[in-house]
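In order of appearance the chains are A, B, C, D and E, and numbering begins at 1 in each one.
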Amino acid sequence: MLRIENIKTFYGNIQALQDVSIEVKKGEIITLIGANGAGKSTTLMSISGIEPPRSGKIFFEDQDITGMDPDKIVSLGIVQVPEGRRIFPFLTVRENLDMGAFLRTDKEEIKKDIEYVYSLFPLLAERKNQPGGTLSGGEQQMLAISRALMAKPKLLLLDEPSLGLAPIIVQQIMDIIKKVNTENKTTIFLVEQNANLALKIADRGYVMETGRITMKDTAKALQQNEEVKKAYLGI
Amino acid sequence: MKKLAMILLVLFVAAGFIFAGGSKEKGPIKIGVAGPQSGDLASYGIPTAKAAQIVVDDVNKAGGVLGRKIELIVEDDVCKPEVATNIASKLVGDGVVGVIGHICSGATKAALGTYNESKIPVISPSATNPALTQSGEYPNFFRTIASDDAQARTEVDFALDKLGLTKIAVLHDKGDYGKGLAEFAKKFLEADSRATVVLFEGITPGAVDYSAVINKIKNSGAQAVIFGGYHPEASKIVSQMKKRKMDVVFISDDGVKDDTFIKVAGKYAEGVYASGPKDTSGNPAAQAAIKEYEDKFGDKPGPFYLNAVAATEALINAIKVAGSTDYDAVTKALRSSFVETPLGKIKFDKRGDALGVGFAMYHVENGKYVELK
Amino acid sequence: MVPILETKNLTMDFGGLRAVDNINFRVNQGEIVALIGPNGAGKTTFFNCITGVYKPTGGDVYIAPDGNGQERINGMKPNKVTEKGLARTFQNIRLFQNMTVLENVMIGRHCRLSAGIFGAIFRTKATVEEEKKVVQDSYRILEEIGLSKYVNEFAKNLPYGAQRRLEIARAMATEPFLLLLDEPAAGMNPQETNELDEMILQIRRDNNISILLIEHDMSLVMSVSEKIFVVDYGKLIAEGTPNEIKKNPDVIKAYLGDEANA
Amino acid sequence: MSNILKYFSFKEIKKSLVMSVWFMILTFPIMVIKVNTIENTVIWRWNYLIGVGISSFIFASLWRYMIERKKLQGGSESTVPLLQKIRELGERKPTLKKGSLIGVIVLILVFPFITSMYQTGIMTTALMYVILGLGLNIVVGLGGLLNLGYAAFYAVGAYTYALLHIHFGLGFWVCLPIGALMATILGVLLAIPVLRLRGDYLAIVTLGFGEIVRIVLENWNAFSHGPSGIANIPRPTFFGIHFTLPQATIYLYFIMIALVVFTIFVVRRLENSRMGRTWIAMREDEIASQSMGINITQVKVTTFALGAFWAGMIGVVFAAKTTFINPASFTLWESIIILCVVVIGGMGSIVGVVVGAGILILLPEYLRAFSQYRMLIFGAILVLMMVFRPGGIVTSVRKVYKIEPHLQGGSDNKVEDK
Amino acid sequence: MDHSYFFELFLGGMTRGSIYALIALGYTMVYGIIKLINFAHGEIYMIGAFTALIVSSVLGFTGMNPILILAIASVLAIFFSSAYGTTMEKIAYKPLREAPRLSALISAIGMSMFLQNYVLLAQTPDFLPFPDMIPDFKFLQPINKILNSTQFVILVTTAIVMILLTILIKFTKIGKAMRATSQDAKMAQLLGININKVITVTFIIGSATAAIGGVLISSHTGQLNYYIGFIAGIKAFVAAVLGGIGSIPGAVLGSFVLGWTESFGTGYISSDYEDVFAFIFLIIILIFRPSGILGRKQNDKV
């Protein structure tokens, strides 16, 4: 579904990604784990077109999307929930959700989808007229995921959904991700610091170190891998 | 190494050129023209330069003065004192024997010190600040325009003697010229028991709206407004007052006695009084000068054109009379010998004010300024 | 012996929102205390009230650096609080990104220095000596925290974990009696967290200070802290030793969840 | 090379054509139709349309080439290559550096003797802007506080000298420190109300403050002589000796050289001190600096006062140089020009300010040939400079603290000093 | 206290405020989206007024109905102002989006100088009379000593523009996208919002309101030159900051407050210090509310 081929991405003159290649198959959950600053978020930003790679190619459903404008990429069905949630603080919960459906014109369907995310997160329905900025961290994460779902993504990119959340919330979020994947058949590309969590729900995983992919395997195999265990699982 | 040496070499060569440019030699007589040539006040400075050019061309065509041609050096001071001092030293360095300018009083004051020390006479067509001639600090300064206090006197006398007004509001644009004039007007009015100044205010030039000031005028019960300033603000105030159906006499100054004012204010200009230099359009010299300008540049001459022609003619005449470009001789000639100019027969008094240049009151009638006798 | 930090009925309102609600809280000499709770529970606001970033709307904050004689510090400016001996780190790293690692620590020394403008211009003997000493002291602190190899790097070029540690180094440079750490392990991998664990203990040992931390990483909290306070919706819902907290049903319900012991 | 060639492809030419048509439409009313509602005339200048078309085509092609090149270079900024090369050359060959430094010093010293009085005057003005730039650089470049009312302090210095001269007959040298001090006091007064403000709010308040000072000078005749200004301010004397004009011009030039050296000396020392570190920290992050024990209030007040000090000093020099002052010399534009000196040169860098002042003050002087197009060109240069070099011409080089490991008793770690 | 005097000053202040508001809106919207003080915004207003002048004098020769001329001139003024606004954005601001804020400010200042001198050179430095195209309304006759037709038109137009803009921002899709972009541009991109388009639209709307302001004020004062934008721009900027820059209702409120401050300051104290009142009032407001009257507190998350 998504094929990244040898991309190199730069911030100014500093190279953030070196020959990164990743493949995502339809319907799976794949995870990218690695230390902070390894280039995980940059990978997602490259896919979304915010930080287009200087060389290499990215294909989505066999279409070359390298260097495409971010809004075009979203319209193809790739939607990202970036690190830190980035809720629009002065828009209401409902307006935040509307922004998720920005590119859609099917009013009826949008209404249905809003009902759907309210059913996923009943809390959001309660607070639909509250500004996004007044929600707690956990609620904001729920809103961020809901907002992305409003775009009807074929591929959902999630960047550190567990960051800075209470353990109880982290569990809920992970359950929802799994649910979205199985119920909606949404393909998920999960970037996580917390490798333990990520490998638990993922089908396959990639390990990234200083801008390079150093390992790839099924999630199970990675969980057993001694190096991964030592470096990322803290066992 | 080579590169750096080259840079240094170039610098020195450049310096050498600059040096060479400053040297004096016996050639044409150089006269400086200084005033704003760019920016928003350029419309006051450019006619001066053109006037000087027309006069000088005529003189040169007739063989020059003292057997030498005259060369003009035009410099732009943007009406800023700090630029004016630099320009002054540039003109001094270029070896001018006299300067026509500057245009704005502030810039003139700043530059005069430099000319004075270098013994160069300066004739301004437009700097009206009284201190320039009255303070006695600028012996090298002359002007072909009357000073602000003379103008204020004319306006006040007119308001009291001819119109018999008793309650007058005095406004100004906070500028050098306008405020100075307004203050004199206020002083003269207060010295006279016939009228009272009911309001003395400065308005902000360029403001989008003057309704507050106009309300204030209305509230003060003034019969008339004496305004010191230029025509853009004057036309805004006049038209806003008329739109309010206020029946207040508007008396203003030379800065307003400009056909542009009538064109801009349109129908609202009707009935406005303004003081201005005595009408010399009947003077054949003035008619000739205006015609020459129109032939040469294809449009109407701007403000201070005739004053500038007069200034240039006076300077050249003085050089001719003096028989040299020597400072003392030239200034003496300026003070002693009459010269025929578009402003009439003029010479300068001890302080530098032109004798024979005075003010008259004008009245807008049917879209034209008409001199009131 | 009185607690070195004590809050009595500390309350902070933002408009209609009560972010901190009547919290009574103590840190004793030499203790490592943790403050946990869900996001938005008011932990960082609590920190900000103590360190002077916010002025609390109710209640009091007292400190007693040498264990006796409490001093009330409500509403004191943050720089004054730091001078009194409370130093902190930030949840989202707030290093001086375009300064070198050494300079960052030197800024930490700022409040213990005295050179003024005239000293700077005339390079008086005292100023020159002081400057020399501050470089040495700062370097020594970097060595202790294990960052000396980065000394002349810009802070922004440091790896993430090192940035977190530099924040601690910078705070230590102010010579605090109480160090407040706001989510020091956020964004660290397990290996780095383990190192942090040791570092916190070492800092306490070497400098004889107390530490207060906010943290979500339960393994860290449970292993280093002697006492834990739990807040939810601005209220204190539990306090106790790690073992007590782990078993507290309120805490499990509000914060830890079922898999807390994993 | 292939990069350049790319810009002559058909596609690129088409793009440039589209842009040029757009510009022709855009400029149509203002360029082509000249109306005069006074004379009620309308002049159609179709030839201008062709001019706009051709020049915008060239401009568009160049523009896209330059933008593309800038993108390829990446966002990172360094000093302009030529200056960078000079800097590197100096580092590689110390003797050459010394030699050219001596050359420059000699050039500076002989400058007024080999050029005209006019050139000396212009150079003196440029030197004044060097100090104004350095002073504002303390506030904006180092302190990170945007100040759009800097001309007010400049005015205070100038009026201090003028008024003290009129009322008490005080001379230049006495007034120089007094003017600086008065501006400093005003700096403190301004700093107090604006302490809580940041960024653009600070900018507008300082702008307002500058305007207030100017308007008061304009209106309060009894105090400031109003808009007609104060004339006949004496030039500096030398132990009571009065100079002729050319001598005074040269004298003032050397006074400025001395003051510039003095300013650079002081600013450099401040920059590399505890105070200087505080500035950078405050600029980077106010809350973190406060938490490090920095008294932001005090630092801001000091910063404003220190910046104002230099403006006040130069104000005195200004009054002495022009011998006449009026409020019109201290408008918002003056503040803006000084700000441009700082930003164009490169914020926070002393060399940058010197280069910036050179460009901004000397360029319009030497653009005199273009007279009326001068300000147009100047505006365009400001835009282009910022678009292609947003960080200014010179990037600042910071002091690197040397660590001497042997002083660190019992140190195990080796210092990897680079 | 004289009530009718007070009322006149009040209305005068409101007229002034309406004009400031039309310009301040553009300031505040542009600021909201790209956090740039668009110093050249006043010049857009000036270009709008100039375009209207040029169009109306060309059409004036055809002997067309003045109201029709006014309508055509206004539409073209809006078109050209918007075109200048967006072109300016593409040239002077877009390449600087990642650059330090001050650099963008200097670029804006350069643009302002350029546009002023461009108009000065292509047209004239002199003041030109602006034709009086707004008719005297019959129904205003009883009160025309207090409120004339032009003032009336200014007040009504401003009110209509405000209402339309509020609806646009609050309820339309593009309005929501504008708000979203102003709060977090990167996130807006990640949701498929083309921020370049949003920015362009912002400049178009801001420039259009400025052009309306330009036409109205020139009708009011009856004249214009190349420099009118600068002073009006500064005042509008003050108004926008006073109300809380980035906030649309704030810009309107700030403009009115500024207009009244100036009007009452002039009326009851002295017009000598008109601008001083405005600035002192601004400073006082900012001391007590550092983010302006309706501004959002810049919450630094610690």
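We adopt the following convention: a contact is a pair of C-beta atoms (placed from the backbone, for glycine too) under 8 Å apart; a residue touches a chain by one contact, two chains touch by 3 or more.
Just so you know, these numbers come straight off a predicted model, no measurement behind them.
Engineer: Quickly list, by label, the chains bordering both chain B and chain E.
Structural biologist: Correct list: D.
Engineer: Specify the chain most distant from chain E by Cα centroid.
Structural biologist: It is C.
Engineer: Based on mean C-alpha positions, I'd like to know which chain lies farthest from chain A.
Structural biologist: The chain farthest from chain A, judged by C-alpha centres, is B.
Engineer: Going by CA means, which chain is nearest the middle of everything shown?
Structural biologist: Smallest offset from the overall C-alpha mean is found for D.
Engineer: Taking the mean of the C-alpha atoms as each chain's centre, how many Å separate chain C from chain E?
Structural biologist: Chain centres of chain C and chain E, defined by C-alpha means, are spaced 48 Å apart.
Engineer: Could you grab the centroid distance between chain B and chain D? Build each centroid from C-alpha atoms only and quote it in angstrom.
Structural biologist: Between these chains, centre-to-centre, one finds 34 Å.
Engineer: Averaged over CA atoms, how far is the centre of chain C from the centre of chain D? Could you give it in whole Å?
Structural biologist: That gives a centre separation of 42 Å.
Engineer: Show the residues in chain C shared as contacts by 2 or more other chains, in ascending order.
Structural biologist: Residue numbers touching two or more other chains: 53, 90-91, 94.
Engineer: Listing for chain B: what residues touch at least two other chains?
Structural biologist: 39, 42, 174, 202, 260, 263-264
Engineer: Provide the list of chain E residues touching at least two other chains, using ranges where the numbers run on.
Structural biologist: Residues 126, 128-129, 272, 275, 302.
Engineer: State the interface residues of chain B toward chain E in the complex, per the touch definition above.
Structural biologist: Touch residues, chain B against chain E: 39-40, 42-43, 174, 201-204, 206-209, 211-216, 218-219, 231-232, 235-236, 239-240, 243-246, 260, 263-266, 268.
Engineer: Where on chain D is chain C touching in the complex?
Structural biologist: 266, 269-270, 273-278, 280-281, 284-285, 287-297, 302, 306, 398, 400-401, 403, 407-408, 411-413, 415-418
Engineer: Could you please specify the touching residues of chain D with respect to chain E in the complex?
Structural biologist: Interface residues on the chain D side: 22-23, 25-27, 29-31, 33-38, 40, 42, 48, 63, 67, 70, 75, 140, 146, 193-194, 196-201, 203-205, 207-209, 211-212, 215-216, 219, 287, 332, 336, 339-340, 343-344, 347, 372-373, 375-376, 378-383, 385-387, 390-392.
Engineer: What does chain E use to touch chain A in their complex?
Structural biologist: Result: residues 173, 176-177, 179-180, 183-184, 186-194, 296 of chain E touch chain A.
Engineer: If you look only at chain E, which of its residues touch chain B in the complex?
Structural biologist: 2, 5, 8-9, 11-13, 15-16, 19-20, 120, 125-129, 132, 144-145, 148, 150-151, 217, 220-223, 225-228, 230-232, 235, 262-264, 266-267, 270-272, 274-275
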